[in-house]
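Heads up, there are several structures right after this.
You will see chain A twice below: alongside chain B first, and alongside chain C after that.
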Partner chain A sequence: MSIGGRQKKLNDADKFIIRKAVLELAKKGTPRFTSIDDDVRTLPKAASKAINLWDYVTAIGAQLSRPPYDPYRETINLDISIGRKKSRKVSLNIPLIIYSNIAINYSSLESVHLALNRLAEKGNVLGLISETEINTTKNNKRKYPLFKKVPSYRNDSVEHYQKSCPEGLVMEYKDQTSLRMLQNFRKEFDGPILVDVSEVFPMDTKIILEEGADGIIVDTDKVTKNDRYKGKHAIAVIYDARNAIKDYYKGRDENDNDNNATLVIAGDVNSAGKIIKAAALGANVIGYSTSMLIAHSNMYSEKPSNVSSIADNIYSHMVGTKGEIKGIPAALGYSDFHNLSSSDLRTSSIDASLQGNIPLEGVDRTYREMVEEIVNEYVNEKGIRLNSLETQQILRFMVSE
Partner chain B sequence: MPYSKDILELKRHLLRAAESSNSYFDLSKLIVDVRKINDSEIPYSGLGARSPNDYFPSIKIIGSTLKTKENEDYRNYNNIDTSFTLGGRYSTNIITSDVPFFVSGMSYGSLKLPAKIALHLALNRLAKEGIRVIMNTGEGGALPWELYGSDDSWSDVSKKRRENVLSYADRLLKEHHLESIDRESIFCRAYPLITQYASGRFWKDPSYLLNADGIEIKIGQGAKIGHGGLLPGPKVTDLVAENRGIPSYKAAHSPSRHLDILGPEDLVAKILELREITDWRTPIIVKVGCSRVYDDIEIILKSYADAASIDGFVGGTGAAPWELRDIIGINTIPSFKPAREAIANYYYENKRDEFRLIGHGSVWDSERIAKCIALGANGVGIGTGFLLSMGCTLVQDCYTNVCPAGLTGSYEKLDIQTSVNGIVNYVKGTLLELKNIADSLERESIHDLRIEDLVATDELTSLICGLPLENGRTFKDHVKEMVKTVIDKRVGLKEHQVDEYWRTTKKIE
Partner chain C sequence: MCGICAVIMENSKKDFPIGCILFKMMESQQIRAQDSTGVAIFNNGSTKEFYKIDYFRKNNGKYNPVTEKVPPERLDKTLYELTQDPDIVIASFAKEMTLVKGIGLVRDLEAKYKIKSMQGTHGIGHLRIATSSRVTPEHAHPFSTIVMPDISVVHNGEITNYSKLRSSLELQGYRLFTRCDSEVIAVFIADQLLRHGDIEKANQEFIKNADGPFTYIVATPDSLALVRDRFGARKGIFGYNPGDRNYPSFWAMATDLSALDSVGATFYVETPPPGKPKIFNNKIMIGSIPN
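Up next, the complex of A and B:
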């Protein structure tokens, strides 16, 4: 028997069973031979590939014990600033930075630029991470913060990147050379520097922050392809990333006022629901790829491309998304998006509980805590003396996949 | 909503782009993105969230069976009690239903008039046949024949008011081409009615509270916990608006919370206010969406309410923001354990009384009803099950004015008589099945089902519901045995051997 538990995704087959069962009753009014649950149980188990642990994580809403806010009538804060103590701060009104691994053409990037400018004009400032620059004119000046991507294979000086006056830089971290580059850039650049650590995660986060990075970017799609995270989900990556930052601050001087290294999570976080869950797990800002996807989808259109209409699409999409990410924290009882925490999450999956240390629904404790409690109870009952290493080893075994 | 060619094209392009990219995109959710692109609005959806694990199939009732032989006299269960009573804890009146399930709140506006009439006529027919089923109005006000359908409901009503009510009823029927329905037959209500007291206060007639058999204070519902009710603008027709006392064709967003209920003390004050209005006659239920169930039930227990209603996040809705519906709340089944614990703790210090617990969400058939009762519910609310019995096809476009079954839109498609028959059969069949289950367990009442009658088929369900596994062992037994094995075998081994042993054991497991 495995502790992992049986997990099966409800799908259209279940819908068919439910409808068939009720219609049978509605037609005959006599008892049936099997129940809905009998029929659902005989469905083939969903392939593990089809399971996305995000679907098994929900947030607990505000009801009697905690009143909800009203996003239609009250202000819900989404603002955040990026930049640690010594850096110039960059403020965003929506905690999203447009980011993607999708290679898009220049005209699509222009559409993103137009959309971000229009959003900024309406007070919805969000950032863009891009390697390519947009040729701006006097009438088309950039109104949103640009985080210029510094490819690790290039050896250009910081002046090269400052030509486009970016508000921030994004560097890739791969090895000691990247670290030296970061040290050099830090001396010259006063804006926030974010370091993409996806290639080496979770190693070296501490060193990177010590060298003055203002935050780290972790792309869950990339990290889960690494050997260390093979078979793990974005949930585990975000949880570990937040802990890596916490570890960095552990034992540091609390009066230092430096406690806001930014965690940017990108990858499998491309819907409002996932944005909320990622933020609750510890992300400060989301590297949001859907806008790039909308721009990129233009490639598949039979109609001639139109920079303006694609910009309209991205703009509309972002306005809708903003509405969603304001509404959900309000329903959880928060007037500030950034007050979300992992204690707001619950899961119906043992895997998700283990990977993200998320409490199981109904019992409000993590799977690990529940096993730990039983192990301790048993050990005390039997009068067995274990040192902490032994206890950890037993727990590791009990909760191993 | 019928999608325009452009929208479908956009979805196709997005799908292609997503499939060609290195990043992971949830292809099933791309339609949400397309909707946002189309109108900058928050996309809505209807019915309940699709929970990947609602636990119901992972629970079995030991010894019960639905397998009824064709020649067996399955109707011979008259001695089995399936009744459900509500009230009597603080209210002087008690509502009695002959079935432990009732029609969940589905308002006029969310449902079109013919569907509401079908429910009304079906429950009347069932009541005449001796099966009373409670109906909840939902938060959008009640229809004239619901409020003024009982013998004494016209007493104390002025002539002018009476004329207005009858005129509104006539206009409702005319607008929906249902003039052929006899006014006298429709102005008769033989079933108990619960009216919903929600944050939008969409009612303008005092009879909404005075003529109801029960009042449900809706703090929240499973599908949109912490959000408040929602009826999209196109569904707020003139007649719906008139019934609710709101402007036509403007989305009706109820506040996310009652403006006068911000905490436990406010709830007590509100319930006492309603008690005074109804002269302490009417049973009062407080409904919450499932989230912090223990805390919420504890508050309700101490608040002069007669019952608590909990609604899992899989519970249905006419309209809810899609993403919000799918991510807020917990499933119905895991909510019963904290609810039971809160009730047990309260009655440890207080004398047991007539408090009732009602469950909602993902309950469509007798076996699920029985499981809820065994887990601690006294009754369950069913919404989607009744819609399915009227022909719902589960396309989840309830927030639009287009419904393939004519229930939440395209009302002219609905055949009222067929729907009435469907509802009547659904109720009768479900009732027979419930009696069948109780009989197979040799119980005299469906309420004699206990948690001991259930087993879990997997560890997670065992853990979350506090049920033994099919082999009779609990999750705790299982963990303890594993620890014992590990510790026993460890003695005398070196650390690397222990690791090796664990690896081997793991393979065996």
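Up next, the complex of A and C:
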């Protein structure tokens, strides 16, 4: 849009209104009777949706007693291996898996392939989740782990997916049929199997892990569209997903050394800041969407795009992202990315505190803990006797859950 | 800025009041920290037939220390009952260890518990300046655990991934009583000892799993271990006093060199390499540097 000869960048609301006006015109064939301004006035829902709780979450930096590490001198570990006790392990040097959430054209996928190969050559191994096969030549063999996507609507045998020699499989979980498929695949495939539970989350996580899945993938964009998570943010989804895995391990035999179910968070996590916050809330690996990766990589590019130049941009973007996700834990006093926890975060939002169990700024306690303290003080003062169930009911009422 | 120290007598000599060595070392490091103090002293070979549980009972914001002597047959029941009471914080679970701690300076601890006259084979001491949890008697060091008796830990620094370690220990069913990161060390080491009984391996596992800058000393009935994080971000030194006709020989360890100076442990002064636990036990030969 050009105003006074200058380019104005459209925001989401502008785009929405223009798109709506064009669609209306196309559908009815008659001009609008109301102005675009009227649409803006009737946009409270869009405005409230725009409140992004990620922006209200910050990380507490290193302090006197907890000095920052120097990521250039001291090794900050990002490595992670995917695969539980009985599976073959797949190791990543950066806790990211490129996740083809939507169909992308072949040349874009080829760019991703080239970039991941170059990254792997430099010791930065990332994973790729993809349904589409990439034709590799002798000189261009895959050097990174591939997690082959198994669509829920297909009924192919595991041999079909093993043709491309993937290091892992990703299955979509929808119902009992998916569960049977998982059981069959588990018997035949010795590599890690990740199960995308976004359609049913938070149901059935325990069963899926019991049937031998090596981890779950939760797409926060998909889950927050479910009725169960209406009005909730990605923060709540990540927190619940971590708790679902914790619940699975609760009370299990501590000596079986099986505590390695991986939580892959995809969807709304597409910048270094969000990666750090998601990891602190419990994500082990981030599913970085292919579309977002290509968009980010080409955002400031002035080169004409082709497979090779996009691959260059993806490579540079990932190297930059690696630097950021190493630097932030170091600044928080960690030598290992995977040691981040929600106690490193603070929020100024009661919503974020409730949804992600994040301590509030200034008081260093979660909103729930503060309410609990007030309830306990009141109950003690009045000499009221409550059992734990009754206390929980009052708490739920007080925090409007 | 906390100060830690420890002493272990050579050849398990136990009739010497090692409390006075600890007192001297703590006083010389008092400038580092003034919030609270504590010591744990071990009397190796004690044949006490009961367990000793020290705990704080919270009452209207005050902490009243209570000691309970429990025969083995009542141990499980007593521990269960104590852990069910939200107003009770267990400070020490011991068979042969004496653990005392409180708010104030080391001279306040001496006035209250007469630590200078405490005899034993080895012991640890701590001076605390609070950085991450409250200044209350329950948060003073040394930390003990109910996972197994006679484990105590003093710590200087911060375990930055404390929440993660704590939640994984809680997931295994262990009970922690305070919000202090140092308590996690005691429970973690006890858990490891239950698994394989090897104190060196237990500490190596902790170094592998813990993040942040730290030095700690863990005491068991027959050993002391001085442990620094893998980057060596916090200091910790040890030295040897060869003794004389009237004074027994011992190894001492501390945060500051001044503490070793104050008790004459100025021979073989060294710092353990980062990430490599230094284990001392009662069977050390005179003048030898322990492996």
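Annotations
The rule is simple: the second predicted complex is superposed on the first by the 337 of 401 C-alpha atoms of A that agree within 3 Å, B and C clash if a C-alpha of one lies under 4 Å from a C-alpha of the other, contacts with A are read in each partner's own complex, and residues count from 1 in each chain.
In this section, a contact is a pair of C-beta atoms (placed from the backbone, for glycine too) under 8 Å apart; a residue touches a chain by one contact, two chains touch by 3 or more.
These numbers come from a predicted model, not from an experiment.
Of the two partner chains, chain B and chain C are each touched by A:L332.
Looking at the shared chain after the overlay, A:Y249 reaches chain C, while chain B stays out of its contact range. In the superposition on chain A, A:I394 makes contact with chain B only, not with chain C. Judged by the touch definition given at the top, the superposed model places A:Y69 against both chain B and chain C.
When both complexes are overlaid on chain A, the residue A:A21 reaches chain B alone and has no touch with chain C. Contacts of A:S343 after superposition: chain C is touched, whereas chain B is not reached. Comparing the two complexes, residues 63-67, 69, 332-333 of chain A contact chain B in one case and chain C in the other. Across the interface of their complex, chain A is touched by residues 1, 131-132, 157-158, 160-164, 167-168, 171-173, 195, 211-213, 230-231, 233 of chain C. Within the complex formed with chain C, the residues of chain A that make contact are 63-67, 69, 74, 246, 249-251, 254-255, 259, 332-336, 339-343.
Chain A makes touch with chain B in their complex at residues 1-11, 15, 18-19, 21-23, 25-38, 40-41, 51-52, 54-73, 100-102, 221, 267-268, 270-273, 276-277, 289-290, 293-294, 296-301, 313, 315-317, 319-321, 323-324, 327-328, 330-333, 346, 348-350, 360-364, 367, 370-371, 374-375, 377-379, 384, 386, 390, 393-394, 397-398, 400.
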